[in-house]
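First chain A sits with chain B, and in the next complex the same chain sits with chain C.
What follows is the complex of A and B.
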């Protein structure tokens, strides 16, 4: 049952002038219930303490450890070696800026994304500490939570053909976030305001419909549905906008 | 060297740190958060079950109010908390939870009409009131008189943290992620910011601030078996201890959560038991109903964890390659409930165990979970001893948890303390000026730079930091765990002192160039060893059993001698912390008594103030 695992791991330390991008091979004996979290930490502790990678919660919740595992973006912490062949190739996520080895800068990317889509409730209400909360149906709350489950791991961006070609493409994570706010009755933005954010070539109209995002999302978010919904809504908004413009001209 | 100046420096950008930042930024103060990970990856995101606030909207929470929440919290703490703080907390929690709703948290809501629920394995019926439809609902949690834990499925920490970071983005608060504060800049009286290390490049930076907040979470990673994220190694707590001035409170107060999964110690939420899940032994039989007839599976965490270990010691655990464990059974809750209210649990069991909790039982065993101890502050969040230094959340010993925290009170504390401490910091900053003394800045940078240089040159020795860490984790796990005794604790202190001596001889095996993980750990580890010694020495000295601190050689809760908080400081050059004590509460709104669960052997206090016979002196109310 015990296999000798061969790991091919991308190595590059940008801060070290002697470092050149290359693949490095490590060997480990597989143990029971081994995950890539266990394997990578053993490699670091036993073989090469300079190896850079990111883990945090190691429970599939925080989204830190996304990487290319035999070419496929996924969370390393919940990937069991027994589900992989004996030769495992690990590469950093594409699209995001490399920090070193398997570590990439998702923080900067996602902060910018959250600023772009204005990822917050837009409301003219002010909070009244003495008042009872605004009511909401439980179904609405659950529908929002369904989309709120995104952990910003970056897998959908790394798996996106368009994002790999075009660095300013917003990606499924941004579209899902917009869909989350459209679903939320507390957000008072109009369709036109959402349109101004995503109704562009970098936005929903740039999506090629390849759906790598839907295939690989480690949290199984219904991304395809959100892309479809958003494309429809934004398409109508564009048509209406055009129509209003024509009416304005003829009037 | 790059030097950045700001009004408020928040070290840590989890829920507590960001809530403070939001408050200060909303009041117009320039705020910078440092975080060793992107803020949304902070360990707050892993909190699953919920946040306690006495809204009393759901029918099983009817009649709830801050008084009941206060009483539950004090009992949960085993009368180890500061009752003024617990009161302040319970009063503010409902406002804080509603404010999070205003900012966008999709709290689960009351659905009117008839529904069924499980308690202690049996099915019951409840009818939710139509007039409460759409208000924030709650689930049951351990040690509470009412259903009080507000939730979004079992991703409550996640939705809270994303919502809070949305506010941070909206307000334009600067976050420097992958930056680790390595030394506070102070002159023995006033804190002026921190020296920090960029974890992208390894470069040092100076942050000068009028106010500095430590909100770096707990120190669970001092233990071998912990539910905590790998980043929870007490790095902010170390900063405070290393001042030699600021004390750490009750470091021996370490909570074990009953349901870490075996073997990975990943948490499955208390919501499993709150929603009616049961604990079972090797024979498939329940046992908590026999040990705790009143609260059963929903006694407080310290009590349930002890009974589980007791049951395993009776030979009734399930044998496995990873040691004996017990079962958590949620099968009877049904597929719909698990797939809507316990989604993370389902995912964790399937992904990490290959167990389907809808049809199979979950292997569980208590694992280290929460650090009640931390940077000692007053009720405003101001650290003892240094002006301009504050702490909040798990990193702080504020101290509303005493010797045991209730489930659902940690998320609540992050938001509530963040709100209160944020307001106090903003008040403090109004009109406050500080002199940034160049000598103090230079000294702090030099101190750190020299450590780095010595480690990289490897002149001190060849001790392997990964090996030392493993040995330390084993010592705490095996000798300062759920059950403690004087002999083992003495061995722990002795063993940890040897490890601490060896930290002076750590040498890197790699180059240490750039964002080198070995260097980062080598820099942090001597501080971790000092924290471990604070935990062990505090536990050895506390000759009683209270909350999670269970001494087999001192089984009584000793209210006569131990209604006090341990304060640990570390003088430079010492190999042990200096322990002093203070009364754990000034006011005794709820005099010490029986918790209503757990074994209750009490040596009573004779202090008339504690017993509620006399009122405290007016100046002590202040």
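What follows is the complex of A and C.
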């Protein structure tokens, strides 16, 4: 049966000094297989062309349409209205800089995160473009690919209690990146070097273990297991560093 | 620049890692203590003679006189370590509270419970330890006298579920945080933990009932 959907949508234009943050209500008749992507486009086309929100792929790949859907971060393009109650509240993702209405700037945050964790393979080997590609075991390649599936939508950061309290917290996405490079045999960084990046209060030791990231991730990345592995490895590195110091060895 | 090319502003001190390891270790030690403590106190359900014998054993071997203050010290160290994670600034508290209400996510609420019960246990645990350790040896009659006074019964009716929730949630959270419990095991461990917590609350409640109705109270000398 066709439902009349009520949308409460956050409105604020950061570029307009007269704009006041407020919730605005829209009504829409539900159609078959309606996603929030379709609903928001219809609202913009039929009711208010000034409504701002981000979309690109509409297939859960680009990560640009993440927003708070009835309080929970998720991708609007793969959320069907039939799975939601008739009243739907949409808010922009917290933590990230607001551009306007439901649109946030995740790019700046992710750029800074990738620079902090130095999100590339560190090696002292010189690349030879003429050499045959090196082989890697299938298991290793699959383990890396599993963590590479992250689309950087920002849902895990928005679902993180610590990131909501502390803007300098690195977040699950950064820990997943680090885990990806630890898994990669081509990256020559030592545990101590990873520790320098992530063994801090802003890093893995600031993580409260709330697992909002694990339960919210739209791509179902194994974040709980990566965070657990990282905390154990970094905790062990800290203990070893202490004993090396006590025994007079240099780390 | 180091050999692999990883650049850092300065090498990180291992402090945060060590503090986090110490928080877990003191937590595990206190969980084991609390479980043993509950078992020893619950011995009164088998008769006051059993509890008195255990109390005398602890006293004779100086476990009460030395072990008690040692546990109190461990308790305070654990608080100081865990307090690193508790938001004390009003803005952070407001952000966390709004986030919890918005997200409606069980494990986020578990942490909120953990923070509140932690603060309550800090105060009530100190009161309990002071009362017990300044009135050694521990006997069933003295404990029954306290409980039958009325206000102490109310005190323990609050402290019992507060401690058991903190212990149960704490153990589950150590498991998932440190990766001892994997994604595949999480829901099973969580439900097991809920049942263990409930069992300890039931044993504790039975023990309080025994102290209130069955054991003969012996007033302080």
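Simple rule for what comes next: the second predicted complex is superposed on the first by the 248 of 251 C-alpha atoms of A that agree within 3 Å, B and C clash if a C-alpha of one lies under 4 Å from a C-alpha of the other, contacts with A are read in each partner's own complex, and residues count from 1 in each chain.
Quick note on the criterion: contacts are C-beta pairs under 8 Å (C-beta built on N, C-alpha and C of every residue); 3 or more make two chains touch, one makes a residue touch a chain.
Since the model is a prediction, treat every value here as computed from it, not as a measurement.
Touch criterion met: A:132 reaches chain B, while chain C stays clear of it. Contacts of A:209 after superposition: chain C is touched, whereas chain B is not reached. Look at A:235: by the touch rule set out above, it reaches chain C but stays clear of chain B.
Judged by the touch definition given at the top, the superposed model places A:100 against chain B, while chain C stays out of reach. Once the two complexes are overlaid on the shared chain, A:30 sits clear of chain B and of chain C alike.
Comparing the two complexes, residues 118, 187 of chain A contact chain B in one case and chain C in the other. Across the complex, chain B is touched by residues 13-16, 32-33, 35, 44-45, 48-52, 54-64, 78, 99-100, 103, 105-108, 110-111, 114-115, 118-121, 125, 127, 129, 131-138, 140-142, 144-145, 148-149, 151-152, 184, 186-187, 219 of chain A.
Every residue of chain A that touches chain C in the complex is listed here, in rising order: 68, 71-72, 94, 118, 122-124, 159, 161, 164-166, 187-190, 192-197, 199-201, 203, 205-212, 214-216, 222, 224-225, 227-229, 231-232, 234-235, 237-239, 241-242. By the touch criterion given at the top, residues 2-8, 11-12, 14-21, 24, 84-85, 87, 92, 95-96, 98-105, 107-108, 110-111, 173, 176-183, 186 of chain C touch chain A in their complex. By the touch criterion given at the top, residues 37-43, 45-46, 95, 98-99, 101-104, 106-111, 133-137, 152-153, 155, 158-159, 162, 165-167, 169-170, 175, 177-178, 200-202, 229-231, 263-264, 266-267, 321, 340, 343-344, 347-348, 351-352, 466, 508-511, 513-518 of chain B touch chain A in their complex.
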